[in-house]
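Below, chain A partners chain B and then partners chain C, in two separate complexes.
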Partner chain A sequence: MSTTTANGAVRSQTGGRNLANLALRLRVTGVLVFLILLCIFFSLTTSTFFQAQNARIIAFNAAILVIAACAEAIVVLTRNLDLSIGATMGLAGYVTADFAARNPGIGPELVILALVLGALLGLVNGLLVSYGKLPSIIATLGTMSVYRGITYIYARGQQVTATQLPPWMLKGVDAMVFGIPSLVLVAVFTVALVAFFLHYAPLGRTIYAVGSNPAAGHFYGLRTDRIVLFAYVFCGTLAGLAGFLYAARVGTVTVILASGWEMTALAAVVIGGVSILGGSGNIVGVAIGALVLATIDNGLVLMGMPEFWRMFIQGTAIVLAVTVDSLIEGRIQAIFKGKRRLGQQQ
Partner chain B sequence: MKQRFSFSFQWEQMLFVLILLAAAWSAQLSPYYLSFEQILNSTRQFIILGVMAMGLMVIVILGEIDISQASTLAVCTVVLSKFSAAGLPIWLALPVIILIGSALGSFNGILITGLRLPALAVTLGTMGAYRGLAFIIGSEVGYTGFDDTYMWLGSSYIAGTAVPTSLILFLLVAFAFYILVHRSVYGRMCFVIGNNADVARYSGIRVPLIKIAAFALAGAMAAVGAWIFVGQYGSARGDNANGMVLPLVTAVVLGGVDINGGRGKVLGVVLALLLVGTLGNGMGLANMPGPTQTIVLGMLLIVSVLLPNLVRQRSSFRIWSSFRTRGGRVPVK
Partner chain C sequence: MEFDRERIQIGLPRLSLHDIKKSFGAVCALEGVSFDVQAAHIHALVGENGAGKSTLVKVITGLEQPDTGHVRLDGVPCRFRTPMEARAAGVTAVYQDPKLFPHLDVAENIFMGIYPTSRFGMVDRRAMYAEAERLLTELGMPLDPRSLIAGFSVAELQFVEIVRAISTEVKVLILDEPTAALTPSEADRLFQIVRQLREGGTSIILISHRLEEITEMADTVTVLRDGSHITTQPASSLSEEGIVQLMVGRSLQTFFARADKDTSKVQEERLRVENLCQQGVFENVSFEVHAGEIVGMAGLVGAGRSEIAQTLFGITPPTAGRVVLNGQEVTVKNPHQMLGLGMAYLPEDRDGQGLVTALSITTNITLPVVSDLARLGMLQPQRENALAQQMATDLEIKAGSLEQAVASLSGGNRQKTAFAKWLATKPSVLILDEPTHGIDVGTKVQVHRIITQLAEQGLSVLLISSDLPEILAMSDRILVISEGLQVAEFSRHEATQENIMFAASNISKAHKL
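Moving on to the complex of A and B:
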């Protein structure tokens, strides 16, 4: 009996489903516990951390990263990478902001431009990876510099200032709905959408299948090329959204918008328990992973630590997360091996 | 067999032609290009990159990747600045930073082999961690008061000529790596592991040990890069060599090293470095803006892998399939 379990790993034993479910819960619980420990640590060391206002700030800061990390996770689940996500955000964000500056009367339909641009850039990545057969790390490392370069050339040394942006854009990001920042609502909606898509939609399930074992997926009859292409387009679209929101949030949009975000997004994905080898992981975990990074940022600032400690701690957190992940995985495999041997003896 | 031998040179030949084309283009772009001294001096732009790419190449041949190398370089430059400030002689400082570089590298290797972690995830983490470490050691203020003995390698020229001293070092390093990769048992084992790690394991090769050694070597090369860096730029700061990942991977992949491991040649990587250097030099002389140069580099990376792939899909001519294999392959038969 072969079941694709909630974390996407295909187990071939009856007990496998429960075990894998347990592992999934362990994994998400692990990130959650880490987040709670972080919160306790910062609450004890600083007096300003444990406040509703600060929680709101963290959620606000994490919101865009959550969206970017969701985008990255979709691609990582297919056993690929997107290193161009920061450049995609930058290009989509800049062009959209520039378009808004040139057409002052434009309304919220502007978002569509960002989404379409993101989707197009994702399509290029996807075509290179799925039909050009490029290793994803090379393809997206290349497009990372190409997209960023295009942003520079498009901008011609200019930048878009907050006064040029339509007021609804700036107000919309800072708006509160029932005391919750609107950005957080958008992020929660995105997580819900992506989680629903990945865990319940048939196409979403095939993403896990392709990521777990591309060859098996191919022989099962899945159009692996198209699925990977779709994952990249989805990722690009979400990156376009994230770029738009980020542009609206910072107000002054420059060509270096969101540079370096590919690493932060990938960090959130890895900390959130998505296997970098594809096929296993959970979007809620990714969202918590992004929250962990935002909490570390926030706490260190409150503690008055220099900014560069952040890099060190973030990096260490990534290494710790993959280590814990592999230990859990190893334990599960050991259990399976034991069972199989038992079966053979009987 | 004879045919295969001649085919295995195709990729290097193509690189050579591309270099000539790039040089011709550069000469077209700028009247200042065609000068022997100018060209020699321009090699300084890719020497640091080249020394590090040699280390990275072995890791890629093994089927792994290391994106933390540039951060290791930053740690080493900052440590060098501390040593220089403390008045430590260079002959004492040098072994220490090479040791530090290899220690940081082997830490990657130990995590990757000991816990069987994916190299990309581990080095992504250590990339941030080492970069942070460099800032923690050196604080945010750059150090520029390097002792002349520290600067010697990166800033001096061979007496009476326009040959940078570091170029000689690079050639020595490249030759050493040629021996290591193509003429030693270690190199042969690397190719075996890169082609099939299981086979390597079953034939008694100590895979973890070899991998850790490769990562340590790459770290040591980053330390050597730091030594040259200090001389060339005369400064040390936590963000040194930030963004060097793209050119590093580009050089290695453009050089014909298979990113999935198992194939690659030192000559190819050296030629790829020359190509990247020539393009950068020509475009720089022609005052081409930085972003355009970045686009060219990115496109070069994509096209260099995409073209052989597409051609392979289109036709099954044997002459084309050689582009795909790109040299250094271990004969299957």
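Moving on to the complex of A and C:
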């Protein structure tokens, strides 16, 4: 019999600790730096970019996307997706606009209809994902078509024109309050609300927990299903708001209102530093992510670049952001899968 | 904690288990386990892999419900339906693999679900960080409550779990293999804390494979074997040797006695492994397997045996070392390459990694050789069927039809299908990872006979098994792996359950040198 003994201590490895930790912290800072670099780039390449008026245009254009991205982020934080967010905006926006057209003289309480519709559509998504146990990407891919289809059936080939909408709706979105577009104020308010909720409400914290490690959530006694359901309802409600604002902004509301927004919203979310794998990121980052997209849009127009560059850059940014996420996540999971990690023998 | 002292005097047990039974299908995990855990005691729970320790912990903490029997906490019968209920009653387990939220900070991991709240039910973050700081200081852990736990070492994660456990009143703290991934100094630190908790009146159930830890730390030792309670004794009355004997005490059932091989003829060497390393997982593993030889690889769960097998098979290529297969030096790259060179690996998780359970037996068997069976890129059903039929007959796979989905088969027949799948590739070296895990005794005998027949036909077999009698009965030589290191090698005649178990558990002594 031969026995080999260890020549020295085999130590657990703590290397990589600072990397993963730092990376999670720096994701949002990274987006901000990227936005600043973008601004510097466009300021140098165009003469019209660096102006107060242009900043206002960018903020105005980004406002609705910021709200949609906040909505999407809530769901993404739980390690799920909502691909139906554009269709939700479309259905809520169209039905609300149509309702306004049929009921001339209706006041700002109209927005409640959009919020309720959005919440209901979110509820359906949430039930499918949390209690139906469908993978969220498939469930919401399905409801994306269903919601858009319902909009088509409801509209019967019609559209709602600007003249049919209440004047306050059209004026409201273009109004300025203390020199700031009202839409921007709504977006800032939404960001503040969602950020506060996610940071200070116990329910908000559990949204992070569920996305970070669903298995641990079980051991902590978290009611994962309800938390995910809530996230979808919250997301739907904000999507309803975004759909209403978008309808008011475009004036002529058609059945394809906000189609394709699921990708733009998702892009803003991942560029803004929310991990597509759930559990990490913050809402301020998401707002910056939406600003990045709006800035790219704006800058490219000023540079006279063709539209497809925007898609190219948006797509590249998504892939890069998600790659960074997977790398960070890989580091984290190495320990969390319970794999022992030994150091070199000394 | 005044009342704790009282209880010690009265002698009422803190936790009392009575006739706990639990089966999973046909497998009986716990067969009427009864014992008491005293207040302010460190109570060690020991047993081999599969002795029922984990199931018992799950029953105590409400993750599993016992079939019969009951648990009493301070004399009051209790049946927890979830870990949260157990926790609310003061019973908490800390597992070896952390059940925490990597993206959140230390304080949030401690208080998730039980946040201190301020007005309007919002989280009082200031109070949360202050309280976390206080608890961490109390236990002498230099962790920043604001630090994200992503990238923490296993030791630090365990500390966070312990702080979480004691953030509410804890009566019984269960530590499942707490030191398995810790350095000696981290383990010492942990045990200081454990003693500190005991002083405070908490009962600690300590599950550990490290015997010297048990004799050093525990007040009482309970031994489980094959789901049965063997003994509960004061630790002072037991030696390390005594514990090992109680753990493995079962008589060697000669369910399959493999005839001793004629060792005078030296067969050709099929596989030679020199200083194989997988950084951070195992180191300097060296052995060779000759034609017709069965080499057993023993060790505790998590020792790195499966990882060694998976490295040899190219699933996670080695970071260093030399592999010679059939006299040819090989740079291990991927499973496809290793299959082509005549190596096959039957994984432990046969449903997850070994079989496509939704497909038919035929499809599963022919999967690895499907391109050889095809002509001009088209499958030849008659050749497929012929091969599957022959394999099924050879291995006595019992099924209504070979078109039946693998999912509908019994565990034993699934295992045989997995065997057939790899044998269809005509390997020269076969690595078997826990081939009889979770299958009934009758099929086990058949599997053993198949393995023996294969070896007699000249196949080289590397047999990984946690079943000591199995490895003793089957192997020509036995390697013992412990914590990623090859710690011993025994010939068939030298090996006993005791000396294998010792080699597998005692590595930590070497650590402390």
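Methods note: the second predicted complex is superposed on the first by the 297 of 346 C-alpha atoms of A that agree within 3 Å, B and C clash if a C-alpha of one lies under 4 Å from a C-alpha of the other, contacts with A are read in each partner's own complex, and residues count from 1 in each chain.
Criterion: a contact is a pair of C-beta atoms (placed from the backbone, for glycine too) under 8 Å apart; a residue touches a chain by one contact, two chains touch by 3 or more.
Remember, it's a predicted structure, so these values are computed and weren't measured experimentally.
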Partner with the higher number of touched chain A residues, chain C or chain B: C
First (chain B), second (chain C), both or neither touched by A:202: second
First, second, both or neither for A:331, with chain B first and chain C second: second
Which superposed partner A:221 touches (first chain B, second chain C, both, neither): second
Touched partner set for A:153, first chain B, second chain C, both or neither: first
Partner chain in contact with A:279 - chain B first, chain C second, else both or neither: second
Contacts of A:213 with chain B and chain C, given as first, second, both or neither: second
In the complex, chain C residues that touch chain A: 82-84, 87, 96-104, 108, 112-113, 115, 117, 121-123, 125, 147-148, 150-155, 157, 180-184, 186, 279-284, 302, 304, 483-491, 494, 499, 503, 507, 510-511, 513
Chain B - residues contacting chain A, complex: 65, 111, 115-118, 120-122, 124-133, 135-136, 139-140, 238, 245-246, 249-250, 253, 259-260, 289-292, 294-295, 297-299, 301-302, 305-306, 309-310, 313
Chain A - residues contacting chain C, complex: 1-6, 8-14, 16-21, 24-25, 199-202, 205-206, 208-209, 211-213, 215-222, 275, 279-280, 328, 331-333, 335-345
Residues of chain A that touch chain B when the two form their complex: 81, 128, 132-135, 137-139, 141-146, 148-153, 263, 266-267, 270, 276-277, 306, 308-319, 322-323, 326-327, 330
